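Sharing a structure here in structure tokens format.
Letters are used for the chains, namely A, B, C and D, taken in the order the chains are written, and counting of residues starts over at 1 for each.
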């Protein structure tokens, strides 16, 4: 998303007047929900234990929050903690115990 | 205000009274008139008595109501004479035109004391002899034009020929039958 | 192309984080996988019925959808997307549009089995080139877990509470997949997010790239409504399939294929036990309820095998 | 200079739709609007239009499909009546709030119950606050002309609202009358292309339509929508002026018929306005100073203009082909009286007549009796009953 779109989304999300608001609530910035952080919903936090990870990739598709990202080489990378809500689905599917699950803030 | 000629049609659902009113509107339109052709509003059911209307005028029509005091009434099926008050509101200086084999004096007693002109036309016979089947609209139309004088007869005939030629482009033999039906109806209408 | 988890991982994400679905919700997992089956070069117009997915994914001014998205009302996701598809056909003829656009309508079980059934049936019958996806979580979750016609028998919901006299929802679930199969569509399937997502991905791909109307019924567990711990999502999915509560099958031009026949069909009790909404079934004296559910599951499973020529 | 033709109001609307050649028509049969999609599907079947005709399974889906089609970037049209419009209700509001300039031909019919297929205005009047522009036509010509102007009005960037083009069921929808049609190429040039700024099918810039909109923003969206309706008045006049130059047929917010020196005036919609004019002519011939205002635009309501036009009369009759069931008067009456109040015009005595309900025929004599009552009121300055029924058996 361009900076311009991010900026405009910010305006719409804030205290814009009826003259500035988008017509009918239409949003022309597809995927701009990325700008909205849901990481603070977490009470439990998954921790990726890179040394145990075999890159089997069973974890990335089970994430409801698109928070296990895969790079261009097809390897999973660090959690997107901006959006991860700490549901723990990935923790349970990992066959190698490569994801730890700890209380947030500890 | 120009003169508005008002005509009411009585028929039965499926017999084509509504179509006949639209054909008359068409013919009058083609001779340069302002017209209205409309059925009594409601579902049309086969066999049920139906009413249709025409207004014909030299000036634009703005009135949009049913017709209560017509100059002319057309009855497409003479069995309706006993079932429906066909002369209701009919002006005495006008006329009623009935499709029947009977003569005008024979049907007048059924018309609840109507004192105006009563005309009859045997559209069935004309239709069967000219078109080979019972299709009363064409002869009825000609009879109405003849009796009402709402449009000039020759102009009407000329226009109808054109419209038959267009409508039956693929069946030219049908055109002649229809034209004959028109001519005969104009000659055979009784009670003028 | 055969499914490969690692290759699929390289395809772009089309449903972003930042949506407000519950932590651990089954629906976005389903949505992500279906969208992954789109060819990267294809554009999509996606509709959704009012429901959890819609209100959480497009809450002004944020949209999680990287493709075009439209929400209209609760019962008309199918009709809305069918209109967009018709406009596409007309505009494509005029030559004003480039590339391929695919059409997907989502609805929960409430918006699909119940209030949206007419709209769905109409759109499918008319033959629009679109995929309708029901993400079935077995109740009206968005409004607070009310029973739908997809709710399993005896489940405890807020409008079929397990009380002293009436032990939960008394009726058996509607079999919507069968209803849709009887629309004689080019493609109908039932699937779930299982293991490495092969079944869900491959069916999505078929549904998206089969010309004409396609229907997918996808199990989408709801931790809040089903009352299980969020990390258990994939276990619940697996139990639904292994007990044959939720068989994986497809109907292609009337031809039935059961995609998975468990070697050891687990008792449905295992699926029920994992969920708080069936807790009352496990009280002494209520064994008959589990027996009834088992009988219904068995009956439907046998009937399905028969349709697929496996009985 | 135009094509002299004769046809019913429904056929006229269908011809207008053919000439507009929209991308999508989604419709469901209901009497008396059924003929519109019927005629239109023959155009589709004969390849006379490029439109995708979607024969939906209900009116709810008709409006839903129109919303999908219009949001996708196409032009969408539909036609309906009575219960069909009622079934669309939910989506009417969604269409207008989503700012989708869909065009709907409303062939006015009584809203059930009891079941009645004939004309009154209870259907579209019920939808008067749904955010749609509403145009009412007296005859087939006006139904045709209003349809041709509807896209231009709705699609104007300052408006972007759906438009409902109303005509009276059966009375004009099924009556064959003279009409003057425009040549196809002239319609094409007049209506022009629809090029929305944002649309679903724009793969270069995908959009999202129809959000969950909390209290944080919903009010702003509604305020903006209200502005669009306010803006539409000017646009309606501009488009009508352009149409006048093209056809010589003049349309404004309302038509004033022999009102200049009139003592009393009737405010009325649609086909009965034609009958009213006929009655005005007859009474004028008898030297009675009567006049008539035919409202064309009900939404936006021409509040200042109508108050200005009415403030000089001694007595006014506001004719409602729809009851309010409110112990106060029909919808047109309450709008007109508030307009007068707003303008501080307390001079005219205002009578309300509920008339023509459920297809009750509106005769010239009925309207004549209203004018007579108005003349009496003008003479005496007294209103004995403001809320009246015309043509009901007492």
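To be clear about the criterion, contacts are C-beta pairs under 8 Å (C-beta built on N, C-alpha and C of every residue); 3 or more make two chains touch, one makes a residue touch a chain.
If you want to know which protein each chain is, UniProt gives these names: A = Pyruvate ferredoxin oxidoreductase delta subunit; B = Pyruvate ferredoxin oxidoreductase gamma subunit; C = Pyruvate ferredoxin oxidoreductase beta subunit; D = Pyruvate ferredoxin oxidoreductase alpha subunit.
All figures in this text were calculated on a predicted structure; none of them were measured in a lab.
Compared with chain B, the chain whose C-alpha mean position is the greatest distance off is A.
The chain pair C-D and the chain pair B-D differ in C-beta contact count, and the higher one is C-D.
With centres taken as mean Cα positions, chain D sits 43 Å from chain C. Put simply, the C-alpha centre of chain A and that of chain B have 78 angstrom between them.
As a whole-number value, the distance joining the C-alpha centres of chain B and chain D reads 35 Å. Separation between the centroids of chain A and chain C, computed from CA atoms only, is 23 Å.
Multi-chain contact residues of chain B, defined as those touching 2 or more other chains: none present. The residues of chain D that reach two or more other chains are 206-211, 213, 217, listed in rising order. Multi-chain contact residues, meaning those touching two or more other chains, occur in chain C at positions 58, 60-61, 63, 65-69. Chain pairs that touch, as defined above: A-C, A-D, B-D, C-D.
By the touch rule above, chain D contacts chain C in their complex via residues 23-24, 26, 50-52, 54-58, 60-61, 64-74, 76, 90-91, 94, 200-203, 206-214, 216-217. Contacts from chain D toward chain A in the complex involve residues 97-100, 160, 198, 205-211, 213, 217, 219-221, 223-225, 227. Across the interface of their complex, chain D is touched by residues 12, 16-19, 21, 23-28, 30 of chain A.
If you check the complex, the residues on chain C that touch chain A are 5-10, 13, 15-29, 32-33, 36, 57-58, 60-69, 193, 195-197, 223, 229-235. Within the complex, the chain A residues that touch chain C are 9, 12-13, 22, 25, 27, 29-38, 41-42, 57-58, 60-67, 70, 72, 74, 76, 80, 82-89, 91-93, 101.
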